[in-house]
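Two complexes come next, and they have one chain in common, subunit A, joined by subunit B in the first and subunit C in the second.
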Partner chain A sequence: MLEATGLMVFYENMLALNNVSIKCEDKQIVGVFGANSAGKSTLMYTLSGIMEDIQKKENMAGGERITVLGEIHYLGQDIMGLKPSKRARRGVILCPERRRIFPESSVLENLRIGGYLASPSQAKESLAYVFRIFPALKKIKKREGGFLSGGEQQMLAIGRALMAQPSLLLLDEPLLGLSPLIQVLLVRSIKEIRDERRISIIVTEQYARPVLPIVDYAFILENGAAVLEGTREELLHNPDVRSAYFGVEE
Partner chain B sequence: MDILIYGIINSIALALMALGFALVYGISRVPNFAHGALYVITGFITWSLLRTLGLNYLISIVLALIIIGVVSALIYQFALIRVRGMAISEIIASYAIGLAILEGLRWGGFKGTTYTLPVFIEGTINIGDVPVDLHRLLVVAIGGAVVILLWLFTHYTRIGLALRGMAQDERAVLMLGIDSDIMALVAMAAGGMLAGLAGIVLLPLGNIVVEKGYDVLIQAIAVCIVGGLGSWMGAVLAAFLIGFAQILTTVYLGSHFQMVVALLAIILTLILRPSGLFGKQKELEERV
Partner chain C sequence: MNIEQRRKERLDRGIKVRTDGLYALMSWRELSYLTLPRLVLIVGMLTLPFIMPSMYWQRVISIVCIYALLAMSFDFLAHFVGLVSLGGALFIGVGGYLAAIMNTYFGMPPLLTIPIATVVGAGICTLFLLPCLPLRGVYFAIVSLMYPLALARVIEALDILGGTDGIMGIESFGNRWVEQYFVILMVLLFLFGARRLVNLDIGLVFRAVKDNDQAVRASGMSITFYKAVAVFIASAMGCMGGASLVHIYMWSGISLLALDFSILPIAATVIGGAGTLVGPVLGCLILVPISELLRAFGTLRIVFYSLILVAFIVFRSEGIMVYGQRKYHQFERWVKI
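For the complex of A and B:
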């Protein structure tokens, strides 16, 4: 479904992504794990096209020189170089790190802004679906986004991304800073979304342990390079991965 | 009583002048310093359509609004888009365009007192014991309608909601498939049309003169700074504050202090509360 090969991203001379190739098959959940500054968010920005928008703005203001190289094939077409809005129209929707909720709009408005690409009937159906998988949102739909707790904001961010009718959902650190209880709930919802909406999901996380049970395939990034990849079982039985990403001492 | 009535009229007039500026800044963060020029040139376009081509008044107004919307969109697409994100360059570029329009009009011979638009409705009525002409009442009605329509547009339409999302977080909006360049273009065209509408509604109260362009720009900026840049509700509230302050000074000090009030309001706001009444620029507040 999505196949990115040889992605390289430079900020000036600093290498943020070094020849990364990742792949996501139809209706798979693919995990991307790595420490801070391993290049997870850069990868997500590159896949969704935000990187090219940042690049354009930096260029215009005479700021950092950003270089993006590589190929991204999505549903058989090359989407490298397309604007983020064009990629979103084809179904690549990013739910960003730190959520980026609209703080002055209510929960319902946040979702309706998310439904920009949806037809009225799609928007109605998706809205009902979001309220079904996250019933907590329905109770607070009049509250402003800025007054929500971290967990509620994350549900809202995922719901908002679903409103945009994704066929490939990119989740950038959806569990960041949340309590273990909410983490379990969100991980279960992510799997549910994949099973019920029949979409593919790429999810990044610092710690693999909470997400690993639901991923079909995973990549491990280190210093901008994909150092390891494999199915869930392969990673589970790799001693290096066990100690570095699951906190299991041998 | 007359202070109350004329205060309201003046406040709504100020709100009309400022809304276009607030809209463009709020959504695309472009301070449109060509705002006053758009206000005046719409008056001249309407005048030309009405007097030179002899069209119906209503048709001239609608045509002028469409023309100014297209012109604003062109200004954005061919000039401002290149400097978007650099505040100083945006100010210089848009002010240069405004200057070019205004001084171009002066050079083209549009000066003097011959240029006036007819009022929409002739006649006056008395409210209590204060005589008010009907056109001024119409200004209040149109101003109120514009505020309400703008609110409905930004809360209940797909594009309006997208515009509000973009005003809050441009990058988040990109991820949802909303094209920020097109939205900024829409905002600029709508802002230009609002400036034009303000011109058409307010210019019949006096002559169409080039100098008004500069006055309107300063008043609009004053209202937006007092209300908090980017906040539309703040702009409406600030229009009432400044509007009443202007009428009070006119009554007790003299009418030539009107502009002083606007400028003083800018200075006081920047000293006391730099982000304005409803501003969200916390960094600015902490830095000062």
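For the complex of A and C:
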């Protein structure tokens, strides 16, 4: 479905992604794990095309120069250099880190903004679906986005991404700052979304343990390089990974 | 990768790194690297009156300096404290009218009126703007824009302070050299003063207020107090300009409260390079003479400014000084990946 090869991203002279190649097969959940500054968000920005936008803005303001190299093939087509809006139209939807919901719009409005690309019937169907998997949102659909709790905001962010009719959903740290209980709930919903909507999902996380049960394949980033990859079982049995990302003492 | 790829790398010059600390005193080369740009500016400003062809253009230099004071005050407020001020005309108006009143009604010489107008005027402007200082957002910009408009109408409607005719017969500096060197020295003084100020402890607090006022509050500091101090400093620059202006024109009227004084400094800041403090001065040195050259077109000048401003924002929003500093401090080279 999506195959990125040899991705390199420089922020001025700093190498943020070093020759990273990742792959996501059809209807797979792919995990990308790594510590802070490993390059997870940079990878997500590059895949979703937000990097093109950041690059352009920095260039205009004479700020940092960002160099992006490599290839991204999505559904057999090269999408490198495509604007983020164009990529979204093709079904690559990013659910950004720290949620970034629209704080002054209500829950319903947030979802409807997300459904901008969908046809009315698709939007109606997706809206019903979002309320079905996140029933908590239905009760608070009139409330302003800024007043929601962290967990509700994250549900809203995922819901908003779903409204855009993704075929590849990029979830950037969806469990950031959430309680273990909500984490479990969200992870279960992510798996449900994959099974019921038949889409591919790439999810990044620092701490792999809560997400690992649902991923089919995972990559581990360290200092901008993909140091390890494998199926869930392969990673589970790797002692280095166990101690570094699953918090298991050997 | 199969194909060889190259990337342009940007690095600090060695001399820039060597002159960062005390090691700048190592050699004449390092010393001159640091002092040369500053000397060019200082010597350039000081020789300006001599190289101007006529008295008319010498007068233009004085006006440039007054706009430069305003532009610096805008840059300081906007990029070091986070307050977007559209109140250049307020500062000029308050400073100018105060100096005019003191000079004509009480007979004080310019030597006294200018410093008093600077300090008292800055106090008055700060008091005017105090109510909107605790707020975040556009309120400061709107309020600072409305005051000069309101003051002009008050003076017009009540026919006080000379009404629409203005106050005439204000004492001049006496000598055009005194006049020019006074404003030029003031610009240099405020420029280097402000550059020093933003790196002092209080300057750090100012920048913190700009970045995150809630965190400043949480650190136990009153943002209203620090904003008030910053507004006082910025309006002092503006009032000093206004007071000098009435002594240059020997006249004070409601055109001191005109929108030009609010808008042109912003244009100069954008063109010169925001957040550098030198940039705005440079911007004024470019914009004001251009506007004098375009005097033939009358009010269409404003269209011209707007076009320059839009072009700079669209194509080069960094400004001349930021670009220049980068070229001076850094070099580029191609590297293989």
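Throughout what follows, the second predicted complex is superposed on the first by the 250 of 250 C-alpha atoms of A that agree within 3 Å, B and C clash if a C-alpha of one lies under 4 Å from a C-alpha of the other, contacts with A are read in each partner's own complex, and residues count from 1 in each chain.
Following the convention adopted for this analysis, a residue touches a chain if its C-beta (ideal position, glycine included) is under 8 Å from a C-beta of that chain, and two chains touch if they have at least 3 such contacts.
What you are looking at is a predicted structure, and each value in this text was computed from that prediction instead of being measured.
The superposition on subunit A brings subunit B into a clash with subunit C.
In the superposed model, B is the one of subunit B and subunit C that contacts more residues of subunit A. Applying the stated contact rule after C-alpha superposition, one finds that A:Ala161 touches subunit B and leaves subunit C untouched.
By the touch criterion defined above, A:Tyr207 reaches neither subunit B nor subunit C. Contact with subunit C, but none with subunit B, is seen for A:Arg65 once the two complexes are overlaid on the shared chain. Mapped onto the common chain A, subunit C and subunit B collide along 131-139, the only clashing stretch among 41-49, 59-67, 95-103 or 131-139. Contacts of subunit A with subunit B, set against its contacts with subunit C after fitting on chain A, overlap at residues 60-61.
The part of subunit B that touches subunit A in the complex is made up of residues 82-86, 155, 158, 161-162, 164-165, 168-169, 171-180. Of all residues in subunit A, only 6, 8, 10, 12-13, 19, 60-63, 65, 67, 69 touch subunit C in the complex they form. Interface residues of subunit C facing subunit A in the complex, by the touch rule stated above, are 1, 5, 7-11, 315-318, 322-323, 326, 337.
By the touch criterion stated above, subunit A contacts subunit B in their complex at residues 48-50, 53, 57, 60-61, 83-85, 88-89, 93-96, 100-105, 109, 112-117, 160-161, 163-164.
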